[in-house]
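See structure below.
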Amino acid sequence: MKNLTNKFGRVRQQSEKLVSTLSPEDFVVQPVVDVSPPKWHLAHTTWFFEQFVLGNFDKTYRVYDEDFNYLFNSYYESVGKRVLRANRGNLTRPGVDEVLKYRTYVNEKMVDFLETYELTTEIHDIVELGLQHEQQHQELLVTDIKYILGNNPLFPTFWKNKENQQTGGNLHDRYTEVEGGVYKIGYEGDDFHFDNEKGVHQVYLQPYRFQSRLITNGEYLEFMEAGGYRHFEHWLMEGWEWVKAEKVSAPLYWHKVDDEWYYYTLNGFEKVNLYEPVTHINFFEADAYASWRGKRIMTEFEWEVACKKVEPRVDDQGNFVNSEYFRPKCNDNGHHQMFGDTWEWTSSAYLPYPYFQKAPGAIGEYNGKFMINQKVLRGGSCATPSDHIRHTYRNFFHPHLRWQFTGLRLAEHI
Amino acid sequence: MKNLTNKFGRVRQQSEKLVSTLSPEDFVVQPVVDVSPPKWHLAHTTWFFEQFVLGNFDKTYRVYDEDFNYLFNSYYESVGKRVLRANRGNLTRPGVDEVLKYRTYVNEKMVDFLETYELTTEIHDIVELGLQHEQQHQELLVTDIKYILGNNPLFPTFWKNKENQQTGGNLHDRYTEVEGGVYKIGYEGDDFHFDNEKGVHQVYLQPYRFQSRLITNGEYLEFMEAGGYRHFEHWLMEGWEWVKAEKVSAPLYWHKVDDEWYYYTLNGFEKVNLYEPVTHINFFEADAYASWRGKRIMTEFEWEVACKKVEPRVDDQGNFVNSEYFRPKCNDNGHHQMFGDTWEWTSSAYLPYPYFQKAPGAIGEYNGKFMINQKVLRGGSCATPSDHIRHTYRNFFHPHLRWQFTGLRLAEHI
Amino acid sequence: MKNLTNKFGRVRQQSEKLVSTLSPEDFVVQPVVDVSPPKWHLAHTTWFFEQFVLGNFDKTYRVYDEDFNYLFNSYYESVGKRVLRANRGNLTRPGVDEVLKYRTYVNEKMVDFLETYELTTEIHDIVELGLQHEQQHQELLVTDIKYILGNNPLFPTFWKNKENQQTGGNLHDRYTEVEGGVYKIGYEGDDFHFDNEKGVHQVYLQPYRFQSRLITNGEYLEFMEAGGYRHFEHWLMEGWEWVKAEKVSAPLYWHKVDDEWYYYTLNGFEKVNLYEPVTHINFFEADAYASWRGKRIMTEFEWEVACKKVEPRVDDQGNFVNSEYFRPKCNDNGHHQMFGDTWEWTSSAYLPYPYFQKAPGAIGEYNGKFMINQKVLRGGSCATPSDHIRHTYRNFFHPHLRWQFTGLRLAEHI
Amino acid sequence: MKNLTNKFGRVRQQSEKLVSTLSPEDFVVQPVVDVSPPKWHLAHTTWFFEQFVLGNFDKTYRVYDEDFNYLFNSYYESVGKRVLRANRGNLTRPGVDEVLKYRTYVNEKMVDFLETYELTTEIHDIVELGLQHEQQHQELLVTDIKYILGNNPLFPTFWKNKENQQTGGNLHDRYTEVEGGVYKIGYEGDDFHFDNEKGVHQVYLQPYRFQSRLITNGEYLEFMEAGGYRHFEHWLMEGWEWVKAEKVSAPLYWHKVDDEWYYYTLNGFEKVNLYEPVTHINFFEADAYASWRGKRIMTEFEWEVACKKVEPRVDDQGNFVNSEYFRPKCNDNGHHQMFGDTWEWTSSAYLPYPYFQKAPGAIGEYNGKFMINQKVLRGGSCATPSDHIRHTYRNFFHPHLRWQFTGLRLAEHI
């Protein structure tokens, strides 16, 4: 089990690297209910191993602090009471230092456990799930930190980039065609995958074509300047109500200063780069933009087939969290940007696949109970670990949310 | 155009018949935002003909009252300002008498118009749409009246049934199998249909079987008595939050009196009939019930294929609004209850079909802009006109709503 | 007890006269929580006699309908459950006709009772309280009807005035001085009065002077045109928040049409009369206006002393509901307008007088429990019965409310 | 100006002492809108000197950071835009260290200024106001920290007390009588005082008597055990609605554990001491308790006269923040507890005194604009600096708030 122990160490360390530039105060707040305090992410991912691995399988294990189950359970009804999600940001204690001690304690016990015990498949799977879970929270760490810093009027820098942003140039506008027919959808194989992508099954796709790159800030700005946020015609009704209620006129983090558009990036406050993929738009905005262009976005099934066609494997050189760029990159080398940069909104609702079964017990609460009123996103982003994403990976968010790195590409039927 | 004129007269008259037992006070209130005042339905359906037919095509037409566009537009952004939906119930003027005069005025002008003018296809289609639209509001009239009377502590009777409710008996529990493969979905033909069912296309279905009748009150009561509303395991997360926030423990209109379950029906307040199809449950409840039984509900595609198989045409003898029963009927003759009785929740999100195009102008706001966060329902109910429903007909509501006649049947993969 | 029987008949009849121009639909709605449906007022005042007189003292009395206690109790916790205040407007049954039958039934039983039984002081007092209570609801009937009709885009006329509104002219601006010293406050005597004005006691007043008439629309318009609603300086903080949240820029019922100010009056929609007393302003507006003029409004004690000085008795010729004018009148004859026209906001919080005792039982809930977060108003209005008002009469409303006929006069310390 | 410089140093240092036990995380959160982050208090009080002293009078002064006016203005409309009060807790930057640097910078400039410039009366007064302002925020620091730590499930200790809490014993129940007559109210003299206590004037008081100590936890528990929170009779209507909506059954910070009452104090979580004055009750609770005892609380005028009678000067030995006890003390030495321990709710609404004038400019926003919907409290608490309180000092809070150290004593008319 050397491999698992190594991966455990690598993944756990990465979480701590991501918060290395924060001040203690940055760790504690929760400006909106969807954004959790960084401290909470660090502790909750640790609680996962304590609760589901050590607590269940290591008979010698002594719980670090009895109160932490109450404090750091997220949404597992099966595992007892928990702090209301909206109150996570009121907990100043335990402090960051204590949470880091908690991590060290659990890390040591886990490494002992992984190296000492004979791991059954069941244990192996739950440890792997814990690591995948931690990688998901790494993405949330980045986006939640961006929200916390990006709503501070001082716009603090999170990460200084070594190189400067490219100025782009090669904005090819090609489309790739896919024939109609029956395709296989869903995960097939023996490696890790979530229950929501299991249940490989057939889907009939009508013929379509899809764009060879992501939509850029410059293209999105054309929509804005054409009155995109002022005309109801291109909006879903709930989207239009959202625009009016929130008085929205640009993607999240954009600000107009002296008649020019700026945005907050994790590298600081700067002028909008027109060649960079647009991000921090919600489903309503993606859908309205596509409608205004006379096109549409893909279903998740169309996306999966398209991706397998043009990017048959995940490219380690893509713009993932590993590249420490923390923002989408201009497409200057003609690749398709299916993986990394920004998650792509699809037009599919997040629903169970045929044959979907939720796991028994608490782990069964992982995915299935969220399958209502959410949209599927595909492909990962600049905040996703490169070894976490797959062709069949299904991410999901409510259609009004914008704080993730979310963008779009166009498509249409042939 | 004799046929159209006849249908116009018949449909318009039916709306007035449905409100014939109401007092003037019943016409005016709006107890919750989803329920519109009966008076408003009568006027809004009339406004539709005034706005989209007479106003557009009859050059001699003089608008009945200039204020009525503001008062009786529902959601057409293209047609100017309108009373906020939540304020419909504050309008005591124009009164019912005035609204009926308005109907008479528009009816006369419409009949003149239909008999005098040479009707283009465009005009014919918009008149037909207006009649279909009015039939949809007839269903809402029945359910909104039920809400208004059923939330009054006096529980007034809306309609006295001639015969008494059957006691049921033949609760067969058969399943019909459907082979896996590619099926055609969507409306094909030349008769009236909505834009949302157009775009006939192929869908691959995995093999499944479906129940031969609707779930009954008695079966649903077993779920309740097994603690269905107290255990989170079978609920979607948003459903479980709804149960807790609203303290739900039974379908809408059910009341426990001296330890026995009663419900309000449009025939009055009475003991729950265990053999009648359960109704006034929302998607969350339908889904939780199916999960508790270890089964599931169908997708809208599975439903369409299933329905064509076992009920190849709409049966005029089914329990529609025409039968003036105003509640689902016990299944005592072994038919499948695909049409009528209660709408069936499907697991499908309400989304555009491939090739969906919304019509240009205001009519384009009819369906497309609602395609988010709603679930598809199929088959019509005891409040649906029998000539309004089809195999391909797609109804849609938000998953938390219960005031429609909504029920379910079970299914599973083979 | 002939007098009491006569008064009973007169007061009860007056309520019905006030609703004689309404349509059945007008009786049922509740556009905001503070406004009750006219039907509810008619029934609730009847319930008061049934509950507190017939039910308690007439052994032969048979309750008209057992459900009505639940339906028409207002806020008496002692008398059992009741319909939530916010749901009054959803009750379409019993209809107006039924409510009028209920009134007739209780009227007949009451007249029998008053003429047959030997009335103790206790009974006499509770009947008198019931009549005073009904007079209070007559004022609410007028203001609630104004709200219902005045928020209808058709602006229906409630009452056609025989004569036209005077054009004013004599806007004298005199002040009357009152010496500092100890004054007696509170009701002394044997006639009817509420518990909240009892407890005659001494109050020291610093010397002051008060204006000899009410502030007019014209004067208030000067405040508006000087930016009164745009500058925070003259507003209490909660008032300023109200202005911003509600985007207020004029008194209730005022509308700007083609750059001129109009308002809805119970006589219809018309141009604002600059000489009429301003009304439908809340405490925040009264206070801000006075502050802007460099003056203030009186305390309720200053008002009581002032009123006794210049209008030693209630003038039957004043502009009360009896005059059927239903709006304040221009001051063209030099009287002080202490009584009638509009209630005057005072700067006093509504608090118990020294020695205040609430009555035992349900009647004790009449006044005392409202003594928090409300301001005292004095003098009655054009909607108050002339035999209902007194020098010592204390009315009270929350400072943000505007739907009553409320106005102001200025004062200052000497 | 040596005295002023000394006081400046002493007061400023005391703020920092009060936060000396906090972790960086404790400084940043805002669990409810009324509670500000400790960091914000430290910065806002500093901003006051920068804005109103250095910025106005020291021509050589360079603002520390231009953004801080936006960040740390509280409610002064005159001084430009500011962070919404509800968002104070989302600002993780500037951090505590930076805020302390800001304090040091302004402190140095202030001391230079105080020692170098010739101070006019105007400058002297605004510096003195700044110090009084800081003392007010010191009280808020203590109560806000209590809220932050007391709502953490870990119940961290803020301050370890040297001695243990006395067990009480001498719960004398004496009343002192005050004759009816005209009394002088308001501040007279030349020392510092707020504008809201100025305007010395005469008030007539009816004869009364008042209790010689504060009400204890033990006495309040009798009210609770007699069903105080379950019977509406003793509650103001808005109080009763609060009890039901919030499901209140005890003072703030009380918890029932294994059928015994505990509370969070700044010394930790412990069993309720029955002899200690009850605190963290709101006006509704104080009023209901007094009503249940058949008594009442005093008006602010009665309190002022009573206090001058029995405690003619502020006693330095009283239980103020200086004693570092941070909770009310048992009354074991027979003193009246008029000053310190807990603020006493009075029955008076917070209103302007006769002759009240607000100061011109921003300073005029200090008190006057809050004079609506609040109740006056008198006497200071265990969190008040002893040199901050006076007989004439008027504190004020909304009647539903409980997070201050608030209690009561009884009184009645003779």
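When the chains are written out, they are named A, B, C and D in that same order, and each has its own residue count from 1.
Keep this in mind: contacts are C-beta pairs under 8 Å (C-beta built on N, C-alpha and C of every residue); 3 or more make two chains touch, one makes a residue touch a chain.
No experiment lies behind these values; they were computed from the predicted model shown.
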Reaching subunit C from subunit A through chains that touch each other, fewest steps: 2
Chain whose mean Cα position lies farthest from subunit A: C
Chain centre separation (subunit A, subunit D; CA means) in Å: 46
Subunit C and subunit D, separation of their C-alpha mean positions in angstrom: 38
Subunit A, residues touching no fewer than two other chains: none
Chain-chain contacts as defined at top: A-B, A-D, B-C, C-D
Subunit A residues touching subunit B - in the complex, by the definition given at the top: 75, 77, 180, 182, 201-204, 206, 232, 235-240, 283-284, 347-349, 351-352, 354-355, 369-373, 399, 413
Subunit B-touching residues of subunit C, taken from the complex the two chains share: 23-29, 31, 39, 67, 70-71, 83, 87, 89-96, 148-149, 151-154, 156
